[in-house]
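Same chain, two partners: chain A is paired with chain B first, then with chain C.
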Partner chain A sequence: MGAFPNILKGIIYMGVYITTTMVVPFLTFTWIKEVQLLGVSIVLEQLEYNRIVFWISAFGLLISACAFFNYSSPKQSIRKGTFALIQILLNCLYIWSYKFSGATEVKFEIVFEITNVGFITIDVQNMVMLYMGIYFLTIVLKGYDLVDFVINRDKIRQKRYKIIEGDDIL
Partner chain B sequence: MVAWMNFVLNYFPGELIFYIALFVVIVTVGAIVNIAWPGDRPPRYLDKFRKEAKKKEEKKKEPKIKKEKKRLEKAKTEEEVEEEKEPETIEEPKEIEEVGELKEKLEPEKQTKEKELKEEENEISDKPSASLEDEDKNTAEE
Partner chain C sequence: MRPSRIFRWIVRLFLLVFTLSLTGVSLLGGFSAVTILDPDSYNVNIPDGPIVANFDITNKSAMSISIPFNITNVGVYDLDEITIGFQIGMIYGNASTLLNEITNVKIFDKTQNYGSVLHGDVLKDIFSGLGSDGFIFANIPALIEIDRFRNPDLEFHANFTFSAMYSLRLYKFTVNLINYSLGVLDI
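Presenting the complex of A and B:
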């Protein structure tokens, strides 16, 4: 692939990651900030909301930037391997940010006509831990890929350039 | 797995501007790097090494090519020499024939000459004996 298709691919994936890591969580938390069920408003605490949105935005930006670098790089290149690994590590931090920002234990106040009726808490810590396990395996895989790209650098290059030379001839 | 994240997150700044700046920097660097080295051709800085390697390979090959050329040239010259020699060998029989003819011509002359020489020899061989006899006669008369 040339420079322009690489950049285009990077931009597309960056858009996908911005949507999935920033826009969707932001909209979700904004929506659940003030939900009304059967005339009863369930309010998310303001402090928690701000903290969650900040960390989602912060790590979302970093993940999207790394995704751009990763997907715009040529296949089996060292820079692709490096940024793929960084991206996975940032994903871990992103998921973990849900936990430490309090998003895994979302506390809602049930308010009925001015009076506070009670609280609802949603605990998704186990789900986050499940994701962490998956990410741990992905980290191992990406680390292996990076080592492979570094060790077989010459072979990969020879193969890549030979194919391109062959294409030119044809 | 979790401990390192708690440790790392302590060092993450709490201002969103920092992350926005980092995002812009990474995307810009990524764009520049991937435009400069898209990966579909060898990087320019490797061209020097490639050229040097090619030159070395050519240098290694050159003596072999030269040797082969020399061999071919030698073979050609040998063939040419052989081609040149071949007509001489064809001419040789003519010379031999000429020599044979001359020999045939000269043989009777030789034979005659030999005969003459033999006769002369005989004559010479006869003469001393006659002269000696004459001398004996002369001494006896005295």
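Presenting the complex of A and C:
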């Protein structure tokens, strides 16, 4: 694949990551910030909302930038392997940010008319830990990729140049 | 294809299936939560009928409370580790202090685990406390300690907690209602 299609691929994936790591969580937390349940307002605290959105945006930006470099790099190159590994590590931090920003244990105030009559807490820590497990396996896979790209560098290059030469002949 | 790439594809396929399953569980959990908490369906009803209480502090061992409730699990997953907690506070004028200070004491505290409700099942039960099973006798003042010139003599309010685990125990939710007025009593 040439330089331009690679860059285009990088931009497309960056867009996908911006949507999934920043836009969707932002819209979700903004939507649940104030909901009505059985005619009673359930409100997410402003401070908690700001903290969650800040950390999600910070890591979302880093992941999206890494996604650009990862997907715009040539297939099976060391550059791609390195950025893929960095991206996965950032993904782990992103998932972990849900925990330390307070998003794994979201606390809503129940407001009836103007009085706070209680609160609802939703704890999704187990779910986040399970996703962390998946990311751990992905890190192992990316590490394996990187080692594979380094060890078999000559084979990969030979194959790549053979294809390019073949293309040229045609 | 090199054997290392085949191994990679197998691991990748496993991860894809795992991630898709987890996402499916999350989505179904969210959908079920919306179904259970549908305002028109009354699937979680606490109390599900009148609260019957005896707060006669002159006969502590006969003090009692019973709260009927009904939980219908219309969701996709089982509701696990259902726990209901109830605390009752009593406000009175403390005649044993110089200025008959308004005092708030916790006279009842009980938490009960109701296990699981399988999906499609109904849990209809009564949360109850009688005498020393829930009531904290040490905190209940004697009759002479209560300022009888205050109106009302005694005020009762409650804190209520309902918690359960959902979606293969991946989510835990807790609902707390605070300062729910149970009524007043003149001795």
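A few points about this structure:
Note that the second predicted complex is superposed on the first by the 169 of 170 C-alpha atoms of A that agree within 3 Å, B and C clash if a C-alpha of one lies under 4 Å from a C-alpha of the other, contacts with A are read in each partner's own complex, and residues count from 1 in each chain.
Convention: a residue touches a chain if its C-beta (ideal position, glycine included) is under 8 Å from a C-beta of that chain, and two chains touch if they have at least 3 such contacts.
Predicted, not measured: the structure shown is a model, and the values here were computed from it.
By the touch criterion stated above, A:Y144 is placed in contact with chain C alone, chain B being left untouched.
In the superposed model, A:N126 lies in contact with chain C only, and not with chain B. Touch criterion met: A:C66 reaches chain B, while chain C stays clear of it. Across the complex, chain A meets chain C through its residues 37-39, 110, 116-124, 126-127, 130-131, 134, 137-138, 141, 144-145, 148, 152, 155.
Across the complex, chain C meets chain A through its residues 2, 4, 8, 11-12, 14-15, 18-19, 22, 26, 37, 39, 160, 167, 169-180. Touching chain B in their complex are the following residues of chain A: 1-3, 6-7, 10, 14, 54, 57-58, 61-62, 64-66, 68-69, 72-75, 77, 79, 92-93, 96-97, 100, 132, 136, 157, 160-161, 164. By the touch rule above, chain B contacts chain A in their complex via residues 1-2, 5-6, 8-9, 12, 14, 16, 19-20, 22-23, 26-27, 29-31, 33-35, 37-42.
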